[in-house]
């Protein structure tokens, strides 16, 4: 792979607190990499290290095959977009876009050309003379992206660029960023803790926890074959149901139930046995007419219903474990009703009880 | 209906700005009412009027059949939970819970009893001695709810209680609040601008816009039969696709397409004709094997794909209008691919072009 | 292939260059000046600083001087009363003004304007107003209340409180503005929560709002205490230290020793005592409050 | 749209009736009135006295308005009062004060704001220690530093010059101002600073192009504090300069503190008011900005 | 040549007197650059700072006495012995002690310009008339008359609440009530035993009387106290000869409206303090020349007359005619020429000692619970430690 950003053995400490530990990460040219993780796991810290806004404690950072570990942020060939937009409030949009270019002492016409191009791409031409205070949230975010765009850099860094926006706008801008990536083909590193964003945008997702990368893979892999229980629980909304039990032969025992493992692909290729967690996503539980096809079926009592419009989430219990099922938005069910569920282990995951690794 | 909160001809002005205008609203005993609307539409203002935190300009407010228009907030039998939690930072959790009660000169053992109950319900017993600064966002929110809970009131008011939390926590606490409502059976009035929250929590939703209530109905009705285009577009994520065209006889004409209206229930009972918008939700577009059953079918080019894990969103164009389709998370499609869609107007909505009301 | 880590000394070069005035001031003026003062406090300097060592003589004399003791007592009395009252008054005024009152701007300006006047002016005016011959006392008496007595500046036991009246007049405006700013910075939802809980306003202020205003209180504390420790002009202008020595303060002792008694050594010894006290209290506190890595790195 | 047509309302409705003369209002406005009188009284006395002739002043009552308004004291204070042999009142001193105040205010604010900026955004090793010393410096009585500074200024050859005085004012303004600026800059969003660094702006670029334009309120506060402090300064002005550049407080001192002869209270008061006029004007003009700036610089710790 | 002259004579009469110097100096073709700072303390701070700061003025006024010793030792002041010799100051300055005070190790460093004496009591005729008793003619009578005045609602003794005034009162009592030897052995020889003795105890007794008589005196400034005498609210005030200026301004006539008693009417003598000008060491030759001219000029008969008439003080040379001076001044002149003189305490005591004594009397006069014995004990301590 042609590497755009290479991070080697990176350590970062704030005083006594080790925030990043021996972190290695290679990002390909033109790749859209999403850093995903819960709050405080070190995503922003990593991004700031790449940008040069934090001095690393140990390790190296290469961008486009150049060691930039000690280079100034502006010399690294990166552009950055921040959560709070971080627009310069006293400059108008044009001033915001040109500030970096003027600092780099670019000729005037070159600056004008780049601003023109960026504002066309982002459709902010009518806003060029406005101050940030006179822009809506989405427009501000677009200007913030524009500021990275005009710098004509190879690597874009986004730090939760959409999390200050409301749900609707977030969905729209998400599409725009995706389009932008398709058109520009730059490398993008994108921090978020919204997994929908991560799933929809990423070529690869790096799931972070406690300053380390847990899994680095394509969205489908991460969603379908999470490497450990943490990733499995973290990815997916509503989140995966876990049943704690035991693998014995070709069945998974939980409470009185024996769920056949037929169809499950073990990571090692061979079936194993012992204490384990079975993870099934709410949307992979079959209901209604299709239940008949499922290899394992069970009746449950509905304890809570959450209709979201497009879907209906049903809470119940399976073998003493809380269990959630996603049904069609049209489904008419009531609390207390009895419902038949079908489980298909070909889409499920099994994790070791102690190591929590995928089996 | 047994009324818990009654709002009659309520007006509220800030100086010259009329924020609420002649607003009427009845909330039943034990009902979970959600006030939903975009920012600045007056949701918080209405809630503050009910709580007695704002002096109304005209009209009346009754709580439990008592006219409380002039009563102090603490005498109205309400508890309130705020977006910023508004915990008292210098007191520990127990202090936060008991401060109001001590002030009301309740006997000590009664206070202890109530705190015990509330902290059991909310599972915050281990936190009682901590200061708010030492709590996570979700825990703080729980304490804030606890503060309303100990007051043993009939009506709970929530002002965007979850919007400062991250997505995952929000989903979890949403369930908790729903459970709480099921267990306590109090009346709850809940302000949010997150429609998923609104849909999942509400018995009835009041969609507000510009200080007025646009639609007050059950989530299903609002989702399925929005009274106007604003509500239709506002509710649902990803949002409804609109095709601007014309009704002629029993078809809807848009571009070269003629979509048969068969199955659509007109609000007036009779078919009408004229300029109109056709709204179809992305999840109501049929793909794959089922297309064959749909009354109207069309082939489109996929322009963008957003896999969210559980679903896959496909962007395309229909008769020159951007159009979005929700497909199964397992679906394997590529950008540029040709795809056949099936539309079923029985689940669609039609709105008048000028009045934007449902046809 | 790894580029060497660049020298730490030259990272943030501009920042360090820009901080040179601060560093020079801190080291040469504040530390250097303090050290110089301490050194000369062990000498027998008179009108001019001279290195004639006398050991602790100056300190012995200092602590056996009644005027110095009285000065310290006065500073304590004045300082504590000032601190308490200026905070109480400043806060109450801010709370009153925060009630969405009318004429807010006017009232605020009236309360604040004394801060624009120098202590010399303040002292002079209040000396006048408190003068029994033609000030408040004579006015009230002319209204017919013949036995009315209000002459704090002429009664050695309470003269320091006469100074306090003027000090408060001058200083409470700034505190009021600071407190007002702090109050306006409080999350409104906390107020609402307290109202829903049925907590009376005064309790909300005392138990909830004031604890939340800690940062403002810190800044105010620094401003007020620096003013108290340095108090000199007001005393000179208003009472000249009298009646008797009832309103003497340490800074005045220092100044008088240096320029009236031509006894620099004694003045420096007194200065050293003041600096030492301040340093003992301020430096650890300031380091805790402003140092550390509470903020960004 | 929902439209529940409602019947006639009965019982309490609309805004809660509030008596204009409620107990709360009487207490509130009563207190404020008393307070306002307390604060305004001295200014009133000063103005009234400055407008009276000496005979009227000898009659006593300092609170009574002037029977015969005269501007003689003002003229005298401004243009005729003698300081030793020069009898041009406060006028020369006034211009000297202007010449001292303007550069001192500018320099002290520039240096303090750069300090605050460096401390907030570019922390280097030892920065906290220097800042702590600076805060300690805020507590040092000026008299204590009089001699050391004389010696320092002598060593760098600036003693007696205006530059020397400007430096002294800068030094003594530095602690509090640095504190204010540091707090203010810390409260600005850090991401702005980061964005500017990515945009290639350096220490000074960020300071001038990003920070300064955003800091009007705190610069106002600093300006007000410094103008007040420097304008009212007597000690430094007289000790560190030469007679031709003595500030007007020296003339004021000479007018007010003359040890012999009849005290011309009206002239004293007029001189006092004239001297206070510049800071007073600034207060009256920029009151709102002052409160805003204080909020920005003091609230965030 | 421009010469900057610094002084603290800012009020009406003082400034007028300085103007005589300035005019005379300007008349010689030089320019007097006036630098006046009100308040001796601030002025001294400035002067010393200017000298240490290496930016000296051309000449400055200082209380003539021991204050300047250190400046001379530090080599900051110019030796003007040559000028003094050329002008023959040794012969003309009267009393010679004035010049002695300018002399260190046989060299002369300052030019004395006037004589002020402290030992006066000023009595209000109106006050005594109102009380219906005769105006006292000495301190004993004054003390005896106090109860009558109190009865008449008058303040027997006006006294400003400032240290130097209170110290002054004590020193005047000291000079007037006991013999010169005691005064000199305490203040010049620093004899603590004498200070602890019975004679000094008597003075403290008198001071205690004075304290009782001044109990109702709340004024701060000396001229406010004088004003009490002028208006007849107080019986008398012990104050230096400069008080006379106040009576003159109020257009009162000595002997009719008020009386002045040198030496409190007990021992008729005067102390001879005064003011002097010092000349810092300068580099510029033209300025040096100007300094010399100024120094010489200050003691010229014409300038002396003009200056002292305005200032209300006595000239430093006995050979000039002051017939225009008023009653009280004439009394002073007589005493001066008769040689009934004492050195001024400022010449005997360091400022530090003076300041300690001031503080002692500030306390003593403001706090009636301090007994005369206690005060004397403290006084002895100060004298013991004095240099």
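For clarity, chains are labelled A, B, C, D and E in written order, and residue numbers in each chain start from 1.
In the analysis below, contacts are C-beta pairs under 8 Å (C-beta built on N, C-alpha and C of every residue); 3 or more make two chains touch, one makes a residue touch a chain.
Protein identities per chain, from UniProt: A, B = Carbohydrate ABC transporter ATP-binding protein (CUT1 family); C = Carbohydrate ABC transporter membrane protein 1 (CUT1 family); D = Carbohydrate ABC transporter membrane protein 2 (CUT1 family).
Treat the numbers as computed from the prediction; the structure is a model and nothing was measured.
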Inset, instruction - Treat touching chains as neighbours and tell me the shortest step distance from chain B to chain E. - result: 2
Inset, instruction - Tell me which chains count as touching both chain A and chain C. - result: B, D
Legend entry - Between C-E and A-D, the pair with more C-beta contacts: C-E
Inset, instruction - Select the chain at the greatest separation from chain B, using centres from the mean of Cα atoms. - result: E
Inset, instruction - Farthest from chain A by Cα centre, which chain is it? Let me know. - result: E
Inset, instruction - Compute the distance, rounded to whole Å, between the mean C-alpha positions of chain D and chain E. - result: 41
Legend entry - Centre-to-centre distance between chain D and chain C (centres being mean Cα positions), rounded to whole Å: 15
Inset, instruction - Starting from the mean Cα coordinates of chain B and chain D, work out the distance between those two points in Å. - result: 53
Legend entry - Separation of mean Cα positions, chain E and chain A [Å, integer]: 91
Inset, instruction - Give the residues of chain A that touch two or more other chains, as numbers and ranges in rising order. - result: none
Legend entry - In chain D, residues with contacts to at least two other chains: 146-147, 151, 234, 253, 256
Legend entry - Multi-chain contact residues (two or more partners), chain C: 11, 49, 255, 258, 297
Inset, instruction - Using the touch definition up top, name the residues of chain E that touch chain D in the complex. - result: 4, 6-7, 9-15, 18-19, 22, 32-39, 42, 45-46, 49-50, 52-55, 221-223, 242, 245-246, 249
Inset, instruction - Please give the residue numbers of chain C that touch chain D in the complex, ascending. - result: 8, 11-12, 14-16, 18-19, 21-23, 25-34, 36-37, 49, 93, 96-97, 99, 101, 105, 107-122, 124-126, 128-129, 134-135, 138-139, 142, 169, 173, 177-178, 180-182, 184-185, 214-216, 218-220, 222-223, 225-226, 229-230, 232-233, 250-251, 254-255, 258, 264, 267, 271, 274-275, 278-279, 282-283, 286-287, 289-292, 295-297
Legend entry - chain D partner contacts - residues on chain A that touch it in the complex: 48, 51-53, 72-75, 78-80, 82-84, 86-90, 99-100, 103-104, 147, 151
Legend entry - Residues of chain B defined as touching chain D within the complex: 8-9, 24-26, 55-60, 67, 69-70, 206, 212-216, 227
Inset, instruction - Can you check the complex and tell me which residues of chain B touch chain A? - result: 38-39, 166-168, 171, 174-175, 178-179, 182, 193-196, 199-201, 219-220, 223, 235-239, 281-283, 304, 306-311, 313, 315, 326, 329, 335
